[in-house]
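In what follows, subunit A forms one complex with subunit B and a second complex with subunit C.
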Partner chain A sequence: MKLFKKITFSALAAVFAVTASFAGAASAAGSLSGKITVNGSTALLPLTLQAAKEFQKMNPKVRIAASGKGSVTGPQAVKKGIADIGACDWDASIDVPGFKAFSGQVANKVAVIPFATIVNKNVGVDNLTTEQLRGIYSGKITNWKEVGGADADIVVITRAFGSGTRVNYQAKALAGGDIVKKEKNYKETGSSGDMKTAVATTPNAIGYIDLVYVSGDVKAVKYNGVAATTGNVINGSYKIWAYGYYMTKGQPTGAVKAFIDYVQSKKFQQGSLKKLKFIPISAMK
Partner chain B sequence: MKRNQWLSVLMASALLVSISEASVYAAEGTNGSKPAAVKSSAKAAKIKEGSAAWTINGVQQTFKTIDAGGYKLYSVSQLAAALGAGLKAEAGGLALTDSASVHTIKLKAGSKSYSIDGVKRSFTTAPTVYGGKLYVELSAIVYGLGGELFGSPLQILGSARPQGEFDTIHWAADGSLLANREGEATEIYKFASNPGSYRLFSNDSRAADFSVSGDHRLGAFTDETGQLLVIDLASGAVKPLGTDTSVKTDLTWSADGKIIYFVQGDKQEKISQISVDTGVVTELLADKVENKSELRISADGKKAVYIVNITGTAKNDADSTEDSLTVDYSKAGEQLFQLDLSTKGAKPAALTTSGDNKLYPEILVDGTVVYLSADPDGNAPNTLKTLKPDGTFADIPLDIEVVWAQEGAGGLIASGTAADGTSRIYTITSAGASKELFRTTQDISEVAVSGDGAKLGVISGGKLLEIENGKAVQLTK
Partner chain C sequence: MVQPTYDSTPAVNGSLHSKGDTRRRHFRHLVSNTFARYYFLFSILVLCLVLALVIVFIGKTAMLLLGQISLADFFLSFNWTPEEDKFGAAAFIINTLSLTALTLLISVPVSVGMAVLTAEIAPAWLKRFIRPILDLLVGIPSIVYGYLGLTVLLPLLRRASGESLGDGLLAAGLVLALMVLPTIARISDDAITAVPGKYRDAAYALGSTRLQVILRVVLPAAGRGILAAVILGMTRAIGETMAVVMVIGNTPQLAKTLFTPASVLTSNIVMQISNVEFDSTWNYALHMMAFLLLLISFLLILVIRFLGRKRREG
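After this line comes the complex of A and B, so read on.
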């Protein structure tokens, strides 16, 4: 069991057997206190909460309160001063399609997030190309038989405007293509969990989601013949991925900096982050 | 070794007796046989025989010595035997090789020049032949062969303790301690109680941390695919358990070692168990409440206690406009929940509603739940709180600000910092009486309790200590 206290240590001199009354320099326990608020990406929320739990063991007096409402709300909350950290699936300090840069904010890389195209388990298609996906999300392709599947209408599920998953999916999977709102066979969801539920429970549905959320109740399809796996992201063959960021108002300081440092540490990146099925930032060359 | 440690050792072996000349040449067999050739011009009358007692690798031993050049020199054959080093005559001198054949010292009687692993060094006093035996400087030989020595009390380690920053400690069933050495690659070492007695246990990065079974024979961990694996803490062998690859955290063994409980799901929304014998996963709770952690199971397996990290509530309009965004963190924070595992379909019950930080929950034998309570506003010291089965809360009075607690074989163990800045570890009885187990002025970053509760493993300043009866032995440097 780990305490993770801050360390100030003087060598035990020449004596390696010390008794209970050994005298020397005093040291302080984890001295940070206060509240850190994090808002934004729902994809990054499990990572944030796991890191918060571990960071609190180092600093029991620090409260880390987190919430998720889509990536754009991360830098928005930082700008409004209602969160210290904005979790965002893109670098919000620069312009991206659909969103202006949040000036004065600093993007701190915390993870690599792979995304996958998912379909309802009744869909027979196992692979989709960039052009086929652009056709489906622009509304030009409306039936699964047009991409090698059964004769059934395609139900398009997408994340709402402001989602980091949506921003990255458009940029990477659709190569900048549009997601066109339709009158029928179209649904927008507000979170990764809602997306997964919608695709899993809607026959002939297609959607997209963080790879970590893919499980047996939906089917991930290949992209241009390459399976959505962390291995294929790391080896460069699978292109639908993005860095996750913690946005801060200027360079982080104090407890916020200490928390971000912990999330970026080798211990967390190679430990809990991987076990939550994210990819360490150091894995990408 | 630090300079003051060297000085300490040298002071311990220094004498004021001097020798005018030591132009001696000898080669001595490993069995203490007579040298093949001896040329001596030493003024034997000025050499004084003596002896010195050292604890070497934990065993008390007395060495033959002579006083030469103001220093105490030790019988090289006796020293080599005690250290397990090989000793052979070659090229008019001697070669000593450590038991692992890593280091070699080459020296000649009467010559201050010698070499360690081919690198030239110089003795303060040349090796000296007396009474047909060769005597040498102790520290040069011990350190040259990769060992360590300490001046107070006089102790020698045949193998140096590993150096570096260590963390993530666990006790194994054989009484050894496992600890990770920090670095680019994973290095898990296994330490016996005797300093200098250790070996590399595993390089498996997946096993950098694991949950230890009640008998301390197995550790459980998951890899990046979610696959559960079990490591044998004696052999280091790793084998998969089951085939489920969902996200699993907070692995917790049943007391009999037959079940591993865990928080399951990419949103940590379920509590499940896996049979160690069959690998079959069984869902115990799927209440759609996300962000569960710190799962604990009572010794009788009838009760689970866990923490739910309640998130804040963010709201905005359909267009995600900045103006519409609000976030309410007023209810965010950790709350303890309890689940009756003996009743199928039982609903979890909230145990707490307060706004303090809650860490390290434990379930005592009588059903009392203990946890560390910390004030995020920093106005109150961290305390250990108890929640009795009848619903009453109380603080455990301790003279430390608690930073860690764990239920072990010997009872509840807590660590923290006292007002005088010392770090202290206490054991606490079920009646609330506390007894100090260890105190140090150094910071403590990790504590692990041995299977029988008699020993503590502690990480202090990145160094690994073993503590028994209030005495600490530093196993790394």
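After this line comes the complex of A and C, so read on.
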């Protein structure tokens, strides 16, 4: 496998050298060839698929295979040499709660992913503070009336440990606070879709989800008085968001670099990426 | 393609075919027969190979757990906290067993009753109507049952019990019972139908009522077949994942009440497997749980084979 990669790479390099010296004026992007494998986060998958479609149209000789499983599988696949790019909802080159850093990997920011706290539509509460959320998820606050709502038990719905959404929500919304399992009124879900269905169908439920998933059947609550909108993320007032990363083994080269460059390019960030309801990375400066 | 049955028609129509023609035909049949034999042999070998690979690969990864934590920890501890490297699977094992027991408790009486109805009591037109419906129910994908459980059953349970969440063993047990019901009913139906008519005739001749015939003669005679049906339903209940995951609450803890959000072996594996690192104790522990499920289902299938043999002898 390694040998094969080496050969591919040297062939790629040779092709590059030849085209660079002879073709000269010919478009450099069009001469790219090779196969790029992207593995990892399901949250970033729609973005990767769209970018791959556009990139392959410009570079017909490049083949991109993308699949989504869980965030941590991204950097893992890169480590094992299975994938060239590992899509991950957190920066896997540093330690995060529950996961050690993947040494030697480079995190390339590709998008901004906002998250929202959601509640069932029967919940009267419109705003929750960091402290209130920490209380709810640690099990200290168990009734909606303690945070200004009706007298009803709070049903906590969370993602399973290891989910990228959970890692980010815990770090940003709960400011590192714990999510403690309970014997009652507590449920874990396996995906963003399940989370939404569970919150939408369970009265008095609270949960969290990527902002793009929020729709009419659940209610997004304000965080410290600020509504969860892309506008508020960009102007810096809404804090629950995270970068999505493409992890690579060392600095990306060749076709992989060109692909990441394309995803980070103004054309893609301002065009398709925005249409998919992600936020361009340049907006956060 | 290959039709080895032709071989049985002797190629002796010498008046129609020349000698060379017959020989060529004979040769052709010989080749096709040999080919077919090896093809069938190959097919079964492929299946055996796949089975062996499943056992070897799941088992190999599972065995890596032994170097990381003690088996006593895995089987006896109730503390499953991957973030603190605690991998006690006792809660999942007990939940799996109690969920299966609950499922059978709900489904067996109903499904055997249905089998008796279709095999003994119902008029022919009703049988013709019920059997295809049961067959259809067997074929419904489990995710559909799970979704119905989530959107229809859970709200009903919440209203009936006053719980805020409703997820737990009872919800999962009800969904699973519905799922295994047609399986048990159809196979029990076959077992009851297979009871020789002379048994019934003899019982009626001795003055039995229909209920007596069913309870004292037909059901005992079909007992082993019904037991096999129940065990088959049990294997489905133990291995079922998607329907369970949607209504059980997926919380790694022991289900002390029917409404405690809990997790079983299958649901815990499917919830966590996409978020684990390959070379971690966590991953090995999940594989060990899968291996355990494999062993349980092998054991149950062995029991079914054993029962089947006994029945033929008896």
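In this text, the second predicted complex is superposed on the first by the 251 of 285 C-alpha atoms of A that agree within 3 Å, B and C clash if a C-alpha of one lies under 4 Å from a C-alpha of the other, contacts with A are read in each partner's own complex, and residues count from 1 in each chain.
Please note the rule applied: a residue touches a chain if its C-beta (ideal position, glycine included) is under 8 Å from a C-beta of that chain, and two chains touch if they have at least 3 such contacts.
None of the values given here were measured: they were computed from a predicted structure.
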Go through the superposed model and pick first if A:T202 touches only subunit B, second if only subunit C, both, or neither. second
Figure out whether A:G98 sits in contact with subunit B (first) or subunit C (second), or with both, or with neither. second
Quick one: is A:Y213 in contact with subunit B, with subunit C, with both, or with neither? Answer first, second, both or neither. first
Contacts of A:D153 with subunit B and subunit C, given as first, second, both or neither: second
Between subunit B and subunit C, which makes contact with more of the residues in subunit A? B
Once chain A of both complexes is superposed, is A:D194 in touch with subunit B (first), subunit C (second), both, or neither? second
So in the superposed three-chain picture, is A:K80 touching just subunit B, just subunit C, both, or none of them (first/second/both/neither)? both
With both complexes overlaid on chain A, does A:K184 touch subunit B (first), subunit C (second), both or neither? second
Between subunit B (first) and subunit C (second), which, if any, makes contact with A:K257: first, second, both or neither? neither
Answer with first, second, both or neither: which of subunit B and subunit C does A:K140 touch in the superposed model? neither
Mind sorting out which residues of subunit A both subunit B and subunit C touch, each in its own complex? 69-70, 72-73, 76, 80, 160-162
Subunit B partner, complex, touching residues on subunit A are 1-30, 33-35, 37, 39, 45-46, 49-50, 52-53, 56-57, 60-63, 65-70, 72-73, 76-77, 79-80, 82-83, 160-162, 193, 212-213, 215, 230, 267, 270-272, 274-277
Footprint of subunit C on subunit A - complex, ascending: 69-73, 76, 80, 97-99, 152-153, 155, 160-163, 181-190, 194, 197-198, 201-204
Under the definition above, what is the set of subunit B residues touching subunit A in their complex? 2, 4-5, 8-9, 150-153, 155, 161, 167-168, 195, 205, 208-209, 222-226, 246-249, 266-268, 291, 293-294, 309, 311-316, 318-320, 322, 325-327, 329, 332-333, 357, 359-360, 372, 374-378, 382, 401, 403-404, 406, 415-417, 420-423, 436, 438-448, 460-463, 470-474, 477
Subunit A touches which residues of subunit C in the complex? 82-83, 150-151, 154-155, 158, 163-167, 245-246, 249-253, 256, 259-261, 263, 270-272, 274-278
